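You will see chain A twice below: alongside chain B first, and alongside chain C after that.
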Partner chain A sequence: MKELNYSYYPGCSLHASAGEYDLSTRELFKALRIGLTEIPDWFCCGATPAHNVDELLSLSLCAKNLELADKVEGDMAVACASCFSRLKTAQHVLGESDVKRKQVEKAIDAPVKLDSNVKHLLEILAKDLGLERLAAAVNKPLSGLKVACYYGCLLTRPADVPNLDCAEAPTIMERVIEAAGAETVAWTHRLECCGANFTLSRPGVVLQLTNAILESAKAAGADCIMVGCPLCHGNLDIRQKEIEGVYSTSYGLPVFYLTQLVGLSVGLGADKLGLDAMMVNPMPLLKEKGFL
Partner chain B sequence: MSRIGVFICHCGENISRTVDVERVAAEIGKLSGVAFATDYKYMCSDPGQNLLKKAIQEQKLTHVVVAACSPRMHEKTFRKAVEAAGLNPFLCEMANIREHCSWVHENREEATVKAIDIVSMMVERVKKNRILPGITVPVTKRSLVIGGGIAGIQAALDIADCGHEVILVEREPSIGGHMAQLSETFPTLDCSQCIMTPKMVDVANHPKIKLYTYSEIELVEGYIGNFQVTIKKKARSVDEDKCTGCGVCMTKCPQKKIPNKFDQNIGMRTAIYVPFPQAVPNTPVIDRDNCTWFKTGKCGVCKKVCGPGAVDFEQQDTLVVEAVGAIVVATGFDLYSIDEKPKGSPIKGYGEFGHGKIPDVIDGMTFERLASASGPTGGKILRPSDGKEPKQIVFIQCVGSRAREKGISYCSKVCCMYTAKHTMLYHHKVHDGQAYVFFMDARTPGKSYDEFWRRSIEEEEAVYIRGMVSRLYQKGDKIVVMGSDIAVGVQVEIETDMVVLATAVQPQKGADLLAQKLGISYDKYNFYSEAHAKLRPVECATAGIYLAGACQGPKDIPETVSQASAAAAKVMTLFSKDKLEREPIVARVREAGCVGCFACKKVCAYGAVEEKEIRDRQGNLIKVVAYVNPGVCAGCGTCQATCPSKCVELDGYTDEQIIAMIEAL
Partner chain C sequence: MKKKKMVISQETMDVDFVRKVEALSGTSVRRCFQCGKCSAGCPMATFMEHPPNRVVRLLQLGQWQRVLAGRSIWYCASCETCTTRCPNKVDLASIMDALRKLSWDAEGASKESYVQLANKLFLQNIRTYGRQYEMRLAAVFNVKSGQFLKDLMLGPKLLAKGKLKMFHSKNKNMPEIEKIFTRIEEMRKKGEAL
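After this line comes the complex of A and B, so read on.
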């Protein structure tokens, strides 16, 4: 069987607020014997601010990172939904426009890499490793855990850019976590926006949008929510207590990164998954289900 | 020695703007064999043609080249003029200096040089043109109409009323098509069945119409005036001659819970059934996939109760061959389904609307069946999920239509009007209900159409919201509609009881396969293509085949009926002559050289190449050679390009002529 090796682009969040995503990703990949080499000297993809201010800048930041990644063996593994979206968008835009490609090549003083594969972790687990091999690696199946898979905006959209799964009715998260033995719930708000970075400038909007998501997950009978995006995680996890206060309700829904849940199923311990970093304490749930 | 006349057209300014036509005439006049060269502002006009005729007679011209537009445009015009002046029409050729030259170039000097080249080539080619005798073929004055909806019915009745026999073939067990499913029709709100069923009966009773229902086209051979059509009559399991249509079999059939396609699967039917009570013919069909007898070999109740003994389990599919002279294709439309589409389909379905999994999200045709007095609810608007009356209803227009990201960019044309109609029908039946409509634009061009739409808002209290819907989801027994109101610039959310989608009009499934059997062209959506969008809208590019109704593009009933009558008129024009003149640009085989390899026969797309035996005077077979049937040959030239011994040549395009053209450059 072919060995899997990837160049790893953690992105800024994983070195800051989403440290547990970074930790659990590395540990999970180690456990699954998938090679992961952090790209030397990688830097910010530009995230939301850059493309709102200067298109050339945002494209150049991504193009340069793609060029750096090219020097490391393997396709590029990306954990953050926003980095994933920016890198894919840059490839898409530069592939469509010769004019922009030439501008960017001048800016970064290097040829643009359009053929390198940028892959979200979900894609690596579901397609490269494959669900069968993933299921074979599971030694502590998450039986009886009802998971609400939350995609947010950027993992699948816009329709023609990320090509991770169907833009309007994706199933890739459900397929991955079902391979880990969990149950998934059918719920209505898995593709709605959480408010993203309005969490700082317009928190009222975020509280309203995030509340609707939590309410829908709870109503569908979920025990927890699974995400693949640090910003969604921040809004759903960090803001959850505040939302419960504002809307006089109680959710108590732990919000896991996909790598944390899959990590649990392959037998990784709490210390290797950064479970202590979560604001909504998952321990009672995990103990009740007998996973820890 | 040829005396060639060359006539250079200005085409108003279309040619003369970029080509120096006087210089072209002067240069061409110097060529050997050219006796006369001139230019004129509009060669195709009456004075232009007169100039041509006069020159032929006065200058004693032997050949003519008209340098003007594309031969597709005016070749017939000029050949006719040449014929009127006493020359064989096939001694006239056109040099295309408009589409191939003036329209595509800007530099006058270069364009003029190119125009001279094009005309010189044509001069060399026309020198070697032969006098061609016209080909006449007989016309079989019977016609085939494919599809028994309103388009097919109208075309069949019009042709039959003129005294010509019509074969009408319908795939379903009854004629009537989609129009028979509709409740009421815009803009007059008259009951669709009331105006449709009499026409269906007229078809059944017409002495000149031969009806094949539950039948499909298997094979089409031949050419204009002389088609042989093989029709597959699917086994009905009921003898049409013996059945009296009493209906006892249907009341006794124990299988009563089969979704009825005619009722959009919300009503139920038996395994032996007619799709609806007014069906024509009123002869039931056994649905073999759902019949207990065919599944288990037991039951046979229908056979036992049938008085005349018409039920026949042993019946087989049969093939019938009919000879016809013209074909009208009227296969109609189908509605876009929002379900998940198979991988690789350019059409994507609607994941954001739940891929059709929410039971009270229905399409427009299903609403028609709910509103129809003959429908499964007896005309009451009731939710499919729980049978309750919806007090709020949301209509969403442009589902699939005008949505490039979903794979369809065209407008389905009828949805604005039928959605307005639906709001009225709803308001008439649910007095305390409220209808909302999400729409992009209201497109209501048509007699009394805009007034009708206004009425739905002003008198029937429909609330129109300009904007699109992003998502639908079930919340308890309600459906949440998330959309935008772009007039106010806000997001709107409506909790409603029922949603009706105005899904796009698409060609019938299998339209492409039928087109391949018929040899007609179709677009990327599988709509059939007319020969000319403006001037030949009901004819196919394939001679003798005509189009009617929504198989050519989305159409409402008035337009469909008009087009059907127009197609019938074209058929009658064809039938007005006993013999048909065909263009004699056909391939000929030089029998002396032919070795009988029949490479030409293999490549001929029209089946025009036959085998011919060459015998000596004693009747001994010497060899078998290829023979091109001039009645069938379409003059495409593929055989000429294929023939290894260079023994097939297309008149007007012989190797000798092509080489002469190249040498003229």
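After this line comes the complex of A and C, so read on.
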């Protein structure tokens, strides 16, 4: 079997508010014997603010990062759904428009790399490693854990850009976590927007949208939510207590990164998964289920 | 507020602006037949005075000033639901980007200032540090928007969880990153890019 090696683009959040996503990604990949080399000097992809007001800047920032990634062996492994979306969008747009490609090449003073493979962690686990090999590595199956898989917006939309899974009815998250032994619930809000970066400018918007997501997950009987995006995580986990206060309700739903839950199933301990960084304490649930 | 009556005439229709939006977004507003799927799926429509399908209708009629004057474009979350569901392949999310850019260039054409401030600080952070400095972003936003107490209770909890980093170092390749910004500025000065 071919050895798997990737150039790693963590994204800004993983070096700050989503430190546990970074930690659990590195530890999970180590446990699965997948090589991960952080791209030297990577910088911000521009995220939503850049493309919101300056597409050329957004495309250029992404193109430069793609160039930096090209110097490291392997396809690009991206953890954040927003970075993933921006990098894939840049490749898509620059592949379709010669005018924009020429402008970007002038801005970064280098040819644009369109052929490199940008992959979200989910894709690496489900397709490159494969669900069979993943299932074979599981030694502590998450039996009896009911997981609500939350995709949010950018892992699958728009249909012709990320090519991770079907835009309207994806199953990749469910397939990955079922391979880890967990159960998944069917629920209404797995593809709805959480409000993302409005958490800074208009948090009221986030409270309203995220409340609907938590309500739906709870109603479906989920024990917890699983995400693959630090922005979704911030809104669902960090703001959960505030939401419970504003809407006079109680959810108590731990929000895990996919690498934390999969990591747990391959036998990684709490210290290697950053479980103590979660705002909604997952320990009572994990102890009740006998995983820790 | 009393609604101003819309008058469609040669004088009020500005199609040149709409062409610019179409060039920037790489999509055509003329393909839209107003089915409304975009607005039906839009998570933010409830916060907008003009839901997505009406934004496109106003553009078809050359009434872009009405769109830019409102806050609709700044309340779009870029979730891409509209683009994904449009039966006529109108890339509405990109139209929103183009409108925001043209509004941004016109400086303060819109009422919505918080979202614009957040965007501005985010981009400044890239130019200064390379990677986002989340702590600074939140702190400067609160000061500049005059909301000193916003999320005040959250700060210590995030610090305790290691989710907010007090200190942040700059990227080593800052000169290269700065060059991207300056080259784009130069291209725009010379009229080589919008």
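One rule holds for everything that comes next: the second predicted complex is superposed on the first by the 292 of 292 C-alpha atoms of A that agree within 3 Å, B and C clash if a C-alpha of one lies under 4 Å from a C-alpha of the other, contacts with A are read in each partner's own complex, and residues count from 1 in each chain.
Keep this in mind: a residue touches a chain if its C-beta (ideal position, glycine included) is under 8 Å from a C-beta of that chain, and two chains touch if they have at least 3 such contacts.
What you are looking at is a predicted structure, and each value in this text was computed from that prediction instead of being measured.
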First (chain B), second (chain C), both or neither touched by A:V138: neither
A:A110 touches, of chain B and chain C: first, second, both or neither? neither
First, second, both or neither for A:F198, with chain B first and chain C second: second
First, second, both or neither for A:R157, with chain B first and chain C second: second
First (chain B), second (chain C), both or neither touched by A:A220: neither
Partner chain(s) touched by A:A169 [first = chain B, second = chain C, both, neither]: first
First, second, both or neither for A:T188, with chain B first and chain C second: first
Residues of chain A touched, compared between chain B and chain C (which is higher): C
Which superposed partner A:A270 touches (first chain B, second chain C, both, neither): neither
Interface residues of chain A shared between complexes with chain B and chain C: 159, 167-168
Chain A partner contacts - residues on chain C that touch it in the complex: 24, 26, 43-44, 47, 75, 77-81, 83-85, 91, 93, 97-98, 100-101, 104, 114-119, 122-123, 125-126, 130-132, 134-135, 137-138, 141, 150-151, 154, 157-158, 161-165, 168, 171-173, 176-177, 179-181, 183-184, 187, 192-194
Footprint of chain A on chain B - complex, ascending: 340, 348, 350-352, 354-355, 405, 471, 473-475, 480
Touch list for chain A against partner chain C, complex: 12-13, 15-19, 41-44, 46-57, 60-61, 64, 93, 96-97, 103, 106-109, 153-154, 157-159, 167-168, 192-193, 195-198, 200-203, 205, 209, 238, 242, 276-279
Residue numbers on chain A that touch chain B, as the complex places them: 159, 166-169, 188, 191
